[in-house]
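Take a look at this one; I'll ask things after.
Per-chain residue numbering starts at 1, and chain names A, B, C and D are given in the order in which the chains are listed.
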Amino acid sequence: MDEGFIPYQQSLEDEEQSIKSTQSVIEQAIAWFRAHSMFVLAYGTGCGAIEMPPTFTSRYDIERLGVVGVATPRQADILIVSGYCSPKTLKRVIRSYEQMSEPKYIIGLGSCTINGGMYWDSYNTIKKLDDFLPVDMYVNGCMPRPEALIEGFVKLQEKIRANSSEAGYIQYRTRYAHYRANQERLFGTQVQPRYEENFAGMNL
Amino acid sequence: MMSYLEEHYELIHKTPRLFALHVTREQLLDTLHQITTHTSFDTLSQLTCTDWIEEERFELGYMLTNALRSHNLMLKCSIARDKVTMPSLALLFAQAEVMERELHEMFGIGFEGNETLYDFALEGWCDIPPMRREFDTLAYVNAHYDFREGREDNLDVKEEIKKRKAAAKSAKETPSGA
Amino acid sequence: MFHFEATLLAHLFFGLSLLVILPLLRRRDLVLHLLLLLSLGILFYASSLATLFIGWEMMGWSSYFILASSARVATLQRYILFNLGGAFALLGAIALLYGFMGSLEYRDIDASLLPPWAMNAIALLLFVAVFVKSGIIGLHDWVVDSYSEATPLFSAILSAILSKAGIYLFIVMFMVLLKEGATEPLLFEIMAWLGVITSIVATFKAISQDEMRRLLAYSSIAQIGYIITILALMQGFALEAALYHTLIHTLIKLLLFMNIASIIAITQKERFSELGGMIYHAPVLFLLLVIGIIALAGMPLLGGFNSKFLIYTALLEEKRALLLGAVMFSSASAFLYCYKLVYGIYLGQRPQEASLHVSPKSYYLPQLLSAALLVLLALLPSLPVGYLSVIGVELGFAPLDDSNLFILQSAFGSFHGGALMGAFGVAFVALLGLLQLAHSKAKKVKDPLDISYCGEVPRSETNLHFGYGMGYELHRISFIAPLLRHHSRVLWDRLSLIASDFSALLSSLYSLSAQHVTLLALLLFTLLLLGGQ
Amino acid sequence: MLLLDLLLMLLIAYGFGFLYYGLYRNLSARVHGRFGPSLAQSFSDSIKLFVKEESTTFGWMFYLGPVIMASGAVLNVLFIPFLNQGESLQGLSSYGNLIVVLYLMVLGPLGNALGVGSSGNPFGVMGVTRGLTRLLALELPFYLAAIGVMIDAGSADFGIIMQAQSTQSNMFAHPLLFAAAFISFLGFMGKSPFDVVGAPQEVYSGPATEFSGKFLALLMSQSAMFSFAKLLLMVNLFWGGADHLGELVAKTFVLFVAATFIGSVYARFSTVQSVEFLIRIPTLLGIVGLALL
């Protein structure tokens, strides 16, 4: 299988491990802290939301890895899009992602975020999350077990420590026109405020 | 309770606890009013719609529940597919407002007197209402969404699982045999 | 002899009233304001009870006429009725004193000659006069209405200056003239608790107000409640604490009411529900208001803490633990209305874009002066102590130690205003520097509506300013709800009904028919005859 | 010399504050039957937030809010003596007293509330309102207890209050006052059942809703220091202070663990419930305690 999702996932997982050696000590330290303290905005878009409570509570206790749930996008580092996304939900997901502070990452949870999953022919769910938002890690399955989610977090930690220039939030900034075009194509006239227009780049 | 209904209407017994009766669009409000005042069926618990495209009609089902929540009565009302307005029940039952809003979005049925018939679950929808049977879901999906490369949905799942199991078995046996 | 005019208080009141009157120059009600000032002069510089009473009455009348230009008739009636009641009580007390002393001069009054019953009767009458003027709970209706319906500038004068007249009367009568009298101690005990109950109830009422000036009116009532409580201790340090708090409260209320006058001039709105988000339109006014509320809440770093500290230590020294607990509770509850004031006007989102006017420049002067004085008093808390001790010393109390202006001394400890300010300043600058140097860069949002709002994009018509309703949940707390539900006005309305019934009965005497009059006359004649035998 | 002393105090408060916060997370995890994060987790969290690449601000008041709050926490640490004797670790306590500290405790939150309000987020203000409503009930029992302690010692000065306990600590001399103060201390620590202020399920994190990056980091650091200051206050008022650093750590640790265990087994009170509870039970305890004085 040379095409499709599996090689894409491969490319997400083992990406530029070599970069690590070229970083300065301070950059490595910063990356270490980022990787070991992940504030998660768990957006329960679909049925994947049901797998997150066990992940966060006593049975699987993901707090061991430094993962904590937060309520607002302003404080979050990682956005989990859990399951199918209808266009109405996607708008809110995008808004939440844009309100997060950089560096920020997205985990797509479940088959629906990858290729529509069992809703592949539904008129009201999107089929590819990475058309609209830069996904840093996919966890597939329907639904993925908490173990799979933890595995996804571990892989994401490696990716954060690699401090790649290909990280999703950088892509979202540099290739914003591409993502915006896809969003506008889906949402028609009812579109979100533009990402660049939300901020004045001044330092107060 | 039942005696009143038996007396005045042609009741259809579906199950011991579920009854139905047919009303016309014009009779609907009056019948509902009579039933709610004379019997204990006082709650509108569901509002459904069936698209009988072959017979060119929608059948709306107003499901009433009694105070004990033990019996259900469905008022069936057929309307022509091209003449798609109904009187709103929002004044009789507050919960009808949101149910009618949903039917409006999914079937394109208008409700006179309901002020909230704007976007509900679908924002900015400008195609045929999606629950009407002439709406072609697959065509819509193909037109509006991109599929990921490499997805193959046409596999016969049972066959495929059998095949993979056999492959795994043979792979296991080969090293042990070798 | 009595030299009250030498105290800071009289000077301060004059200076500040003049300041407030400044913006009024070239207006037609200036004459009335000057008359008010004159009446204050008569009150403060009186040397006999007759002059004092004339000053007291003139004050009442001149403010009535000023009020008449903007208030409703009902409010005016309420104002005049309550104040007349207070004035009659004062007159009664003076008449009683004259009956025993044969003179109205301050120097001829010797309370030790009074029999205890007369002393208690005079005390009761004076309490009524003081309580009406300070708006003790139950007698406070006129205060709230007239503060909120006066012109914005006159509200400032009413709250900052005229509300202190009751306190002045109390000090002059009880601590200077009648201090030798044998008053029943229970009376003062009741007065102390009345003061603190007033402050608690008024604080909760203030929290649930929607109108800026009504909130501040209740806050004034609450603050004067503390002063009443502390004065009822009848001690030297309590007197100083009360005077200090009077001074601070005058400054704060002048600042706050002038600030609100500016806001009313800018927006033409009076309610929190119609205001909000003014901070970036009027940053200077915002800062001034913040200074005012921090002082009002009595937090360290601004002058408001000094007088609170003195009040607490005075109560501690008298070992009045429960009274102190109640005062501190009321003072802590005041944070809620302080925050409501600043949030409702300046913070949050602007409800809708309305046209904004410009605030008159002359409104800023009293605010800036008060704010500067509050900051100065925080740095040098002992600065006014020398002035305030004058009366105490005259009455034979030991003065507070003001050898080091930075340190405010009391029997229960002291604090160093300069050290507090300095430490805060250093910490603030250091932390601000740290924040500036942090790796993370601050980005300012362009659209104030770009808030995290559960993923939604609020529109300008979305109501985001509902925080002005804070304090509403107090209605659900079982022991606060009754305080908010009941109004003393109901009681007064019922009383007025009874009075009007009674007067209707009296007036029917004038409209009797001839036969009835003859019958009554005959009856009266018979009674007289019987009585004669 | 004084400057070094002050810096040392801040360092101790910062270090132990974070250590205790880490410990809190770990201990409550154990109570829940989990392993929990490492002890240094809160420290890594705050470092990470400081090194985030951007943080959102809404204007100058929003920027200054956390700074004022953190300055309030710093002042609290500096004005409470760490030890009951000697010259070192006394900070600026000779320039202030208990009443000053009680009032300083509210200065920071008010500054922060101004910042929260200027963001214009209604959830933030709902949190602040809850906090202030709870505060009015929270402070009453603590004030009553503090008044009792001050009247007993005859002074508001920390040194004299601690000296007065050299034979018998206030906890045993006035158990009712201690109970009142301890319940309200639980509320001050912001743990369950009094943690309704920032309830994420209801008010979207409440006051902290809009704070991101370095602002949040500053808020976390100040809350660590502030909770150490509160522990210190309790130890000084009721346990006679500490003779040396070891004793201080031991006493604050015991107090902290007690608060943690209580916090991790109780469910959350609503605002109204917590106000009613605080006004009824601890306040009555305090009043009875004062009457017995």
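As a working rule, contacts are C-beta pairs under 8 Å (C-beta built on N, C-alpha and C of every residue); 3 or more make two chains touch, one makes a residue touch a chain.
On a predicted model such as this, the values are computed, not experimentally measured, just so you know.
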*asked:* Need the most distant chain from subunit D, centre defined as the mean of C-alpha atoms.
replied: B
*Higher C-beta contact count, C-D or A-D?*
C-D
_If I average the C-alpha coordinates per chain and also across every protein chain shown, which chain's average lies closest to the global one?_
D
*Distance between the centres, which are taken as Cα means, of subunit D and subunit C, whole angstrom*: 33
*Between subunit B and subunit C, what is the gap in Å from one C-alpha centre to the other?*
66
*asked:* Measuring centre to centre with CA averages, how many angstrom lie between subunit B and subunit D?
replied: 56
*subunit A and subunit D: spacing of chain centres that average the CA atoms, whole Å*: 36
*Hey, what residues on subunit C touch two or more of the other chains?*
439-445, 452, 454
*asked:* At least two partner chains per residue is the criterion; list those residues in subunit D.
replied: 51-57, 59-60, 63, 204, 209-210, 213
*Just spell out which pairs of chains touch, all of them.*
A-B, A-C, A-D, C-D
*Note which residues of subunit D are touching subunit C in the complex, please.*
49-61, 63-64, 66-68, 70-71, 74-75, 78-79, 92, 95-100, 103-104, 106-107, 110, 113-114, 117-123, 125-126, 128-129, 132-133, 135-136, 139-140, 143-144, 147-148, 150-151, 154-157, 204, 209-210, 213-215, 217-218, 271-272, 275-276, 279, 286-287, 290, 293
*In the complex, subunit A residues that touch subunit D*: 30, 33-34, 36-37, 39, 57-58, 61, 63-64, 66, 68, 70-72, 74-75, 77, 99, 101-103, 199, 204
_So in the complex, the part of subunit D that touches subunit A is made up of which residues?_
25, 29, 32-38, 41, 44-45, 47-48, 51-57, 59-60, 63, 200-201, 204-205, 208-213, 216
*For the subunit A and subunit B complex, residues of the former touching the latter*: 1, 3-6, 86-88, 91, 114-116, 120-124, 126-128, 131, 186-190
*Which part of subunit C faces subunit A closely enough to touch in the complex?*
439-447, 450, 452, 454-457
